[in-house]
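As written, the chain order gives the labels A, B, C and D, with residue 1 at the start of each chain.
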Amino acid sequence: MKVAVFLPELLRHLFKKPATVDYPFQKLKVPEGFRGTPFLHPDICIACRACERDCPAEAIVITQESDVEKKFKMVIHNDRCIHCAQCVDSCPTNPVKAMEMDHLYELACFDRHTLKTEWVFIRAMPKREAKPAAPAAAPLSPAK
Amino acid sequence: MKFNIPIGPQHPALKEPISLRMTVEGEVIRDADLRLGYNHRGMEKLAEEKNWTQNIYLTERICGICSHSHATCYVQGVEKLMEIEPPKRGLYIRYLVSELERIHSHLLWLGVAGHEAGFDSFFMYTWRDREVVMDLLEMISGNRVHYAMNTLGGVRRDLDEALIKKILDGLVVLKQRSEYYFKIGASEPTFVGRLAGVGYLSKEKAIALCAVGPTARASGITADVRRDDPHAVYDEVPFDVCTADSCDVLGRTVVRIKELMESYKICEFLLRNLPAGDIAVKAPKKAKPNEVVSRYEAPRGENMHYIKSNGTERPERLKVRAPTLANYPATIEMLKNGFIADIPLIFAAIDPCICCAERTVELVNARSGEETVVRFGDLRKLAGERFAKSPVKRNAVWPF
Amino acid sequence: MTDQERLDSLKGALGGDILEITNPARRRFFITVDRAKIAAVLTTLRDRLGITYVAMISGVDEGDAFEILYHLAEPALGNVNVRIKISKGDPHVASVTPVLPGAIYYERELQDMFGLVVDGIPDPRPLITSDDWPAGNYPLRKDWKFERPAEIIPGGKK
Amino acid sequence: MAVLKTFLYLLVYPGLLFLFVYSTFCEWFDRKVYARLQNRMGPTHTGRWGILQPVADFFKLMAKEDVVPDAADKTLFTLLPIVGLAVVATAGLLLPLWNPSPEAVGLISFPGDLIVILYLLSLPTLIAFLAGWSSTNLFSQIGGTRVLTMLFGYEVPLFMAVLSPAILANSWRIAEIGAFYRAKPLLLLPNLLGFVVAMICVQAKLERTPFDIPHAETEIVGGTFTEYSGKKLAFFRLMTDIELVVSSGLIAAIFLGGFGGSFVVRLVEFVVKTLAVIFVLSLIRALTSRIRVDQVVSFAWKTLAPLAVLQLLIVILIKGLLQ
């Protein structure tokens, strides 16, 4: 029977740099492609509601402000968002997606109302030469 | 003198709510009873109201540790229902993430076993090294816990050369570390003394009580869905099914460490033979009326989903069987005649992942010593009374 | 073993008890049997084919009847699913725990979720519903609807 | 004037204030070493390198709500933490820190103080048992019985191991034992076995891994102190810290020799020796996993007790040879 087999491993770490970081003062970088919070480019959005339909957490709400103007309001409820980025995948705009994810991860706050983000925008017209955006068939092309 | 000890629903040894009630004599357990239902979220009902795409993320949230397992099990079933065949590269990446998840889950379990046995250094070291695989998963998928890699018809993100290199490097580090733990953990006398002979489950009992996963394999049953019913890529990948014959917690530890080694091999194989091509095909919105049983070997054992479609965008029925539920009858058997000191170890050895039910409170009334089941409504009333009598008035009011 | 051989061995073992047998995918078998014979069928499968592992029991509400599926598995045979139909007017089913002791939790779940009565179950307490769960509420029946309460955000609107 | 002086002794040095400051420092040292051995950072936030963290913990606990269970014996429940703190603080006065010269026999150094300090160090264990038993909680009661069961295991080997250097030095007074080994440092070597046994027993007495069975959190929640909260828990934590200082100080005084000299040198020597002992205790804590209570008793009687007896034999033989 061996005794104290862990000893060399323990002593080796005594003067090594700790594996943990002093978090609130020192932050680790998140990798490229980290899924943070979704946000909208209101100038590209064609208001097809594909993201609203596919969002598993029902965190996206799009309402039409007035019939004549094609004015829409989009609210992202970040307090419900599960950061799956399905809205980015579902977004049919090409080549630039109207929905994108940022890299923020410190989302805690004292009031859930501050987590709602809101955009009021005029619907962008799909370009003629681009493929007509059909809301019924959300493309499942992978994100880069 | 016999008395009842409640372990849970809230207890430091349990990371999730479940209630174990032990009848003990001195330090020896004579009987055990299990009460579920503290974490039921009604997901099977909810799944009937969501469309096929939304349900991927719903099934992913059944569990935090084996999130990819449930999503993969669901997705491979739905792909059969929709009659689509994902491209090879997509499948390879999907099961690469599966194996990485198995690695992270087993490393997590090793740490938890160390913690339950009071060996905190082992816990800290394994969890430090688990960060390596967590970082890899974050780089691949963009998140540490809910990878969201699956989509109907393939995966959502591709791997490039630099990332493949990083994963291979990470695997080398992990392999070294695991071999070290295997050597060290198996020869630290206080640790082995706590694990050996604890939680005995004979092979006959394991078969009769339908144990699955490492719990069954540690009792000498060579059952592994990856080999028995190869799903997707597993008939192309060489690997061994790891078993042990000691039928105790030490055996379960050994099986998990061996499985870690196998998973490193599988990951390497998948990365070195990664085919070129697309990673996903387009999936239809609806599925024809049909039914499918999808099986998947999760880190904790066999995962089974039964999916029935009715021609609409939504499933008619989604039944989920998580491996932990299958291991509960065996756990009760293991606990009998053990020591109080071994409860957390035995219970942790099935790697419980409690994703079941909610809303009841069972407690021993400390004043009379009688065991009563207090209803949630009554408990809230009691809390209200306590609050009304309390000398300090808080001005914040709970909104419900 | 090919699927045809597996199909033959299942047919050979069960004989006339099979009302319908299908093989929709590799290693997947769906057998429909009479509800009264379920325990006998599982005993035959256990004794003659060595199927001892019940993976789960699932149920679907089909309006006027319940469809109950016993999902069994065996390494060589693959996945065998035994289907029975139970009319809503007489929601009784015999317990299979004498044959397969591991089925106890799934049978208790059936009782909670569908309101079936499992005759001869050794431990009939509710498994996942709470003790003050109102009687007659069976969540997985299709006519049971859950009204989602309106979301209240603590703190009030700014 | 003499009264004032005595009060100063009791309250400032080597009494409560010194014990409080030094024991919180020792807790910080223990936590930091334990964390660094595990490749973690340990306390970092309060004070430089987190050095004030145990003090902050103490004051935070003092401000917390204090709950007494309805079914508990309130007087006993309330008195125990105070008595416990008083007992270990008294034991702290007997450390050879203050009055090390063998000539000055006084209030806090007298023939037989070794026995008194050992006795005072046994009391916290009984207090922990009473605390567990009086709080009428199932987990506390299991913890309490475990405390007593363990006591039967380690107490006898500890006494034998600590008394053997005293036998060699032919004195029951810590100051005289210290002086004896200062004069003949080579005679420390035969006590090595006793030192190892005493270290293990002290680890068990302080209920640290591998002997943290009475408050094994994954088994019996908070163990003996499950029902304690607020000020009472703060006192118990301080009691454990002072117990750590006193027992490591005792081991340092008896087994580790020293140089003697002026007050400052003696203080530095004391600090260095106790920190060394605490370092080894932390190392044992990081090195092992918790064992079961039956394993403790069998280990104590099958291994520790024979070793302690062997140590006694060695000492008696050497003493015979010396004469």
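Here is the rule we use: a residue touches a chain if its C-beta (ideal position, glycine included) is under 8 Å from a C-beta of that chain, and two chains touch if they have at least 3 such contacts.
All values derive from a computational prediction rather than experimental measurement.
Q: Quick one: which chains contact chain B and chain C both?
A: In this structure, the chains that contact chain C and also chain B are A.
Q: What is the set of chains touching both chain A and chain C?
A: Expected: B.
Q: Please state whether A-B or A-D has more C-beta contact pairs across its interface.
A: Higher C-beta contact count between the two pairs: A-B.
Q: Please identify which chain has its centre, taken as the mean of its CA atoms, farthest from the centre of chain A.
A: Looking at centroid distances, D is the chain farthest away.
Q: How many angstrom lie between the CA centroids of chain A and chain B, rounded to a whole number?
A: Distance between chain centres, rounded to whole Å: 27 Å.
Q: Between chain C and chain D, what is the gap in Å from one C-alpha centre to the other?
A: 61
Q: Between chain A and chain D, what distance separates the C-alpha centroids? Give it in angstrom.
A: 54
Q: Could you tell me the distance, in whole angstrom, between the mean C-alpha positions of chain B and chain D?
A: It comes to 42 Å between the two C-alpha centres.
Q: On chain D, where are the residues touching two or more other chains?
A: 37-40, 286-287 - these are the residues of chain D that touch more than one other chain.
Q: For chain C, what residues touch not just one other chain but two or more?
A: 154
Q: In chain A, which residues are in touch with two or more of the other chains?
A: 6, 10, 19
Q: Chain pairs that touch, all of them, please.
A: Contact pairs between chains: A-B, A-C, A-D, B-C, B-D.
Q: Taking the touch rule as given, give the residues of chain C at its contact with chain B in the complex, in rising order.
A: 24-25, 27-28, 30, 52-56, 58-60, 69, 71, 73, 75-76, 78-79, 81, 100-106, 113, 126-133, 139-140, 146, 152, 154
Q: Mind listing the chain C positions that touch chain A in their complex?
A: 153-155, 157-158
Q: Considering the complex alone, what residue numbers of chain A touch chain C?
A: Within the complex, chain A contacts chain C at residues 79, 111-113.
Q: Any idea which chain B residues touch chain C in the complex?
A: Where chain B meets chain C, its residues are 36-37, 40, 42, 44-45, 80, 207-211, 222-223, 228-229, 290-293, 295, 302, 304, 306, 308, 316-317, 319, 321, 325-326, 328-329, 356-360, 362, 373, 375-377, 398-400.
Q: Okay, in this complex, where on chain D does chain B touch?
A: Those in contact with chain B are residues 37-40, 69-71, 136-139, 142, 209-210, 212-213, 216-221, 286-295.
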